[in-house]
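What follows is a pair of complexes built around chain A, which joins chain B in one and chain C in the other.
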Partner chain A sequence: MTVAYLMNLAVNGAVEGLLVGLLALAVTLVFGVARFPNASAGDVAMVGAYSGWLLQSAIVSLGPLSLVFAGVTAMASAALVSLALYWLVFRALSGRVGVYALIASIGAAFVLRSVVTFFLGHDQQVFAVPLTRALSIGPLRVLPIDLWVGAIALAAMVCVFVILRMTAMGRRMRAIADNPQLAMVSGIPAARTMSGLWLMAGALSGLAGCLLGLKTVIAPEMGWDLLLPAFAATILGSVGNPLGAVIGGVIIGIAQEVSTPFVGFTYKIAIGFVVMLLVLLVRPEGLFVARARVR
Partner chain B sequence: MKNLQMNRRHVLAGLGTTAALATVGLPVKHARAAGSPAMIGALNPVSGAGSAYGSGMQKAIIMAAEEINAAGGAAGQMIEVIGEDTQTSPEAAVNAAKKLVEVNNVGAILGTWSSGVTLAVMPITTAAGVPLMCTSGAPAISTEDKADLVWRFQATNDRFGRAFAKIADREGYKTAATMAFNNASGIGNTEGFKKSWGGEIVGDVVYEPKRPSYRSELQQVMASNPDVIVMGSYLPDTTIILREWFQLGGKNKWIIPGWAANDKLVEALGAEVCEGVISVESVSNESAESYAHFDKGYQAATGSPASSNVYAAMTYDMMIVWGLAMAAAGEGADSAAVNAKLRDVGNPDGAEVYTFADGVEALKSGPINYQGASSRLDFDEYGDVTPDFGMSVIKDGKIERVAVVSI
Partner chain C sequence: MALIISDLVAGYGGAAIVKGVGLSVEPGRIVAIAGTNGSGKSTLVKAVMGLVPKVEGKVDLDGTNLLALPAEARVAHGLGYVPQVANVFTTLSVWENLAVVECGGDRKARIAQMFERFPALAERKAMAAGHLSGGERQQLAFARALMLEPKYLILDEPTAALSVALVEQVFTLIRELPQLGIGVLLVEQRARLALEIADDGIILDQGSEVMAGPAAELLEDNRMAELYLGHAPT
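Then we have the complex of A and B:
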């Protein structure tokens, strides 16, 4: 086993981690502001992937441009679904303990999956993408799709950071996250601000779903299966911290893949969680609690 | 909702029996009172990963039951099929099996598909003394079946592995690596291959399901430059693995089970990636009269040829062979007595018969040996059969059978 071999493993892990981190970004935003772990994020991502696929299969003649439209459609439809969930379900539960909203979000996830399977069935679907060979960058072999996943995840992270830190909407979100009552008496329109938050979280989920669909296959369970790693990344990176969510995902991803020569492929998932446990033993609040958080 | 069309009501309607509703909740367990129909559970993957096969499997059971009833029933009793959906999920299958056993008092359950489902349902049926007939491949099903109540109409994964080894020899491969989905079926395939192949195994990976990528796994097996990679896999993971393998510039050959290397794989990846992939599946007893007979009925019932669903021939045989065993056991026999007759009517030394009606007729003059539509249907000491295997190669996006392999 050479250094190049391990470096390739690390790249694989980083790409997986960025993908997980993108969904974790959506989870951590809602966690930070609405104060509950949103288990419907994965299935919102799945809805995004399916709607992107539906659009792309209709306009596949446009070539690579069709994928851009698919990505935009995925984000838009997932954002709308996410907003609808807020207005129909989570808004009514906002005053209560987080566990109510958690259970409701699991229910919402089941509903979304059932609706999709009802209309589109269980069969796997794939985006129509011309397959390209891997690029050689020094000792590394990198798939073009992986470069896209990395670039898009980083861009999304920057966008979230800019929105939270440099816009009035972001300031309002942080105010609500910090103290909902105080924000309300200060005249911050809670419902409108929260709508913005859910739209943003939904769009991120949709993007994650679309990229996962590009990299793997589109199936009804795809989002749910990504949810647990996304929760782990959220916790590792400190709940409510957007940067932490992405870095948390990358750390878990790299730890998993680089461990494979030593523990094999069946136990690598456990290794990811062992790393999380070890970090939390030393820093129970997660890695980045003192740094830029939502609130 | 195309996958869920076949619910219990449809099945009953298909049978054309209205007495069904009155029999729900019969207090008598497994005892077959003359006059009342024999209840049979059809527990198939109508939805979920097996949905491509499930409805056809259930229709084949109903078809066989109609055939038995048209011949005057088995040992004087009509057959009534109660259809349930496993959703290809062990949880849903367990609930459905409990319902079939406890509410419907079925005499046998036919047609579970994936190994995970069969292994989950087995403890329930065995505890209730209800025979279970499956189309699953996991070797553990044989060893767990201590009461001899589980019957397998599909090749074990171990036998698949042996067929893979024969094909690897036929193609002259010298080195091989294996990749197995981490469950009893996936590992069963590759273990069966490793045990019976004489060539050199240069790589061996067991991978987890539902990963966003299999690059690291591929990196390991490709580092050893095998002539061929032998898979124990399913469609979604095979899609991802082959796509990444192609992008990484892989050159080796592939031997993949037929339920993963099928038209859907070609559709997902395109002809170039799949070129030369060897797909191996168990094939029906295509030269037998019973297969021609089944094919005709199946086409009439579903509009598709029997070759479109290899599992439908298996479930058809389940019902027919159970009916023959009922006939052999005689009037009023319980499930255990019928179960004990299955080898008598399926295994050699007896008049070879190809339909239920002929079988019943021949039983009057001596022992019979039913030659199934799915295989010769000779059960070994574990209740497993040994079908033949078809070796197909994907060329220009078409899956073409090139040989039939017997092990």
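Then we have the complex of A and C:
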């Protein structure tokens, strides 16, 4: 095992980490505003990946352009599923303690997975991606697709931060996250703002699922497998802190990949949680102060 | 035209905290609600705003029955509220605290007005509201509520955490509100202080009215001193 090999793993881990971070961002946004850990985010991502794949299968003759449409479809369909879950399930539970919504979200996750496997089966699927050679950058060998995946994930994150900081909708979301009662008596329309939040979280999840599908394969369990490290990343980066979620995701992605030669592929998810637990021992509030919330 | 509260019973699910209270505020007047710690003042005004789970009775704002409406809609009917605690969005900047308010009309012009009125806030536009001093924070809480151009404004112990000098400053602000045509419902623990600037007053004890009437008369009443014995009237 060489240093170059480990470095390659680290790069691969960073790209996967960005995807973990993307889903963690969706989880932390919902947590900051709706105040519960949304366990359906992973399966919403899976729905996004499958709908992107279905669309691409139909228009594969368009070449690489079909992937762009697949990405847009993944985001749109996941956003709609996410919005539907809010209106059908989570809105009614919003006055209760978070445990109700958490359990409901686990249920929603299983329902989504059942629906997808009922219609599309359990088989793994892949996007039709043009074959390319790995680029050599010093000792690193990077696939162009990984560069694309990483760049798109980063761009999506920048969009989220711009929406949160610079738009009226983002301001309303941060106000509700900060103080829901004061938001109410400031006339901020709660249902409309929450709809925007769930659409945004859904689109992020869908993109994460689609990009993960591009990088690896599309499978019914992919969302759940991405959700666990995303939860770890959310906690690592201080729950409710968007930037923390992204950084937490990258740390966990790198830790998982770099550890595989030592512990094997099966245990890499456990490594994410070990990293999280170690950090929490030193900093119980997570890497970043809770005060810096969505908020 | 008035905000009329009658036979209001309110609580959080267990026993009623407010047990049948009535009062009315007209535009341009100040009504003080006084009472000791835990007498139910905040619960009363929260019930009027729609922030308490169990409410019975009647709240009528210029002919609209408010109890049938959710909190956001009450605000749209012209009811403003400055809560006792957590009355600004601490993680939003000063400017964002005002910009986020859902007011009809020209938001930019209104923000400019507020900054003209509260110059200290204008200087700290970009600062997170959580970093403001106590006095500035209270100004921001007022400005946020005034963004909605309320017809009636509820102030829940606006001076509770402030130094003596700042208390005077806030009371000056409150005295100006009736000139804007606003009806003020002022909650205060310190009855005397509140009654001095109020037109009318009501004294609560354990969720029930013990005295009510014109502020000047209440100030003369011996029972006030009795009620506040051991509570150090101000």
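Odds and ends about this structure:
FYI, the second predicted complex is superposed on the first by the 276 of 295 C-alpha atoms of A that agree within 3 Å, B and C clash if a C-alpha of one lies under 4 Å from a C-alpha of the other, contacts with A are read in each partner's own complex, and residues count from 1 in each chain.
Following the convention adopted for this analysis, contacts are C-beta pairs under 8 Å (C-beta built on N, C-alpha and C of every residue); 3 or more make two chains touch, one makes a residue touch a chain.
What you are looking at is a predicted structure, and each value in this text was computed from that prediction instead of being measured.
By the touch criterion defined above, A:19 lies against chain B but remains apart from chain C after alignment on the C-alpha atoms of chain A. Among chain B and chain C, the chain that touches a larger number of residues in chain A is B. Of the two partner chains, chain B is the only one that A:8 touches; chain C does not reach it. In the superposition on chain A, contact of A:63 is made with neither chain B nor chain C. Within the superposed three-chain model, A:171 lies in touch with chain C and out of touch with chain B [touch as defined at top]. In the superposition on chain A, A:182 makes contact with chain C only, not with chain B. Of the two partner chains placed around the shared chain by superposition, neither chain B nor chain C is touched by A:139.
Once the two complexes are laid over each other on the shared chain, residue contacts for A:118 go to chain B alone; chain C is not touched. Put simply, chain B touches chain A in their complex at residues 1-3, 47-49, 51-52, 182, 205-208, 210-213, 215-217, 219-220, 223, 235-236, 239-240, 243-244, 246-249, 264, 268-270, 272-273.
Against chain A, in their complex, chain C makes its touches with residues 49-51, 70-72, 75-76, 80-81, 83, 86-92, 96, 99-103, 130, 144, 147-148. For chain A in complex with chain B, the residues that touch the partner chain are 5, 8-9, 12-13, 15-16, 19-20, 117-118, 121-124, 126, 131-134, 141, 143, 212, 215-217, 219, 221, 225-226, 257, 260-261, 264-266, 268-269. Contact residues of chain A toward chain C in the complex are 168, 171-172, 174-175, 177-179, 181-190, 291-293, 295.
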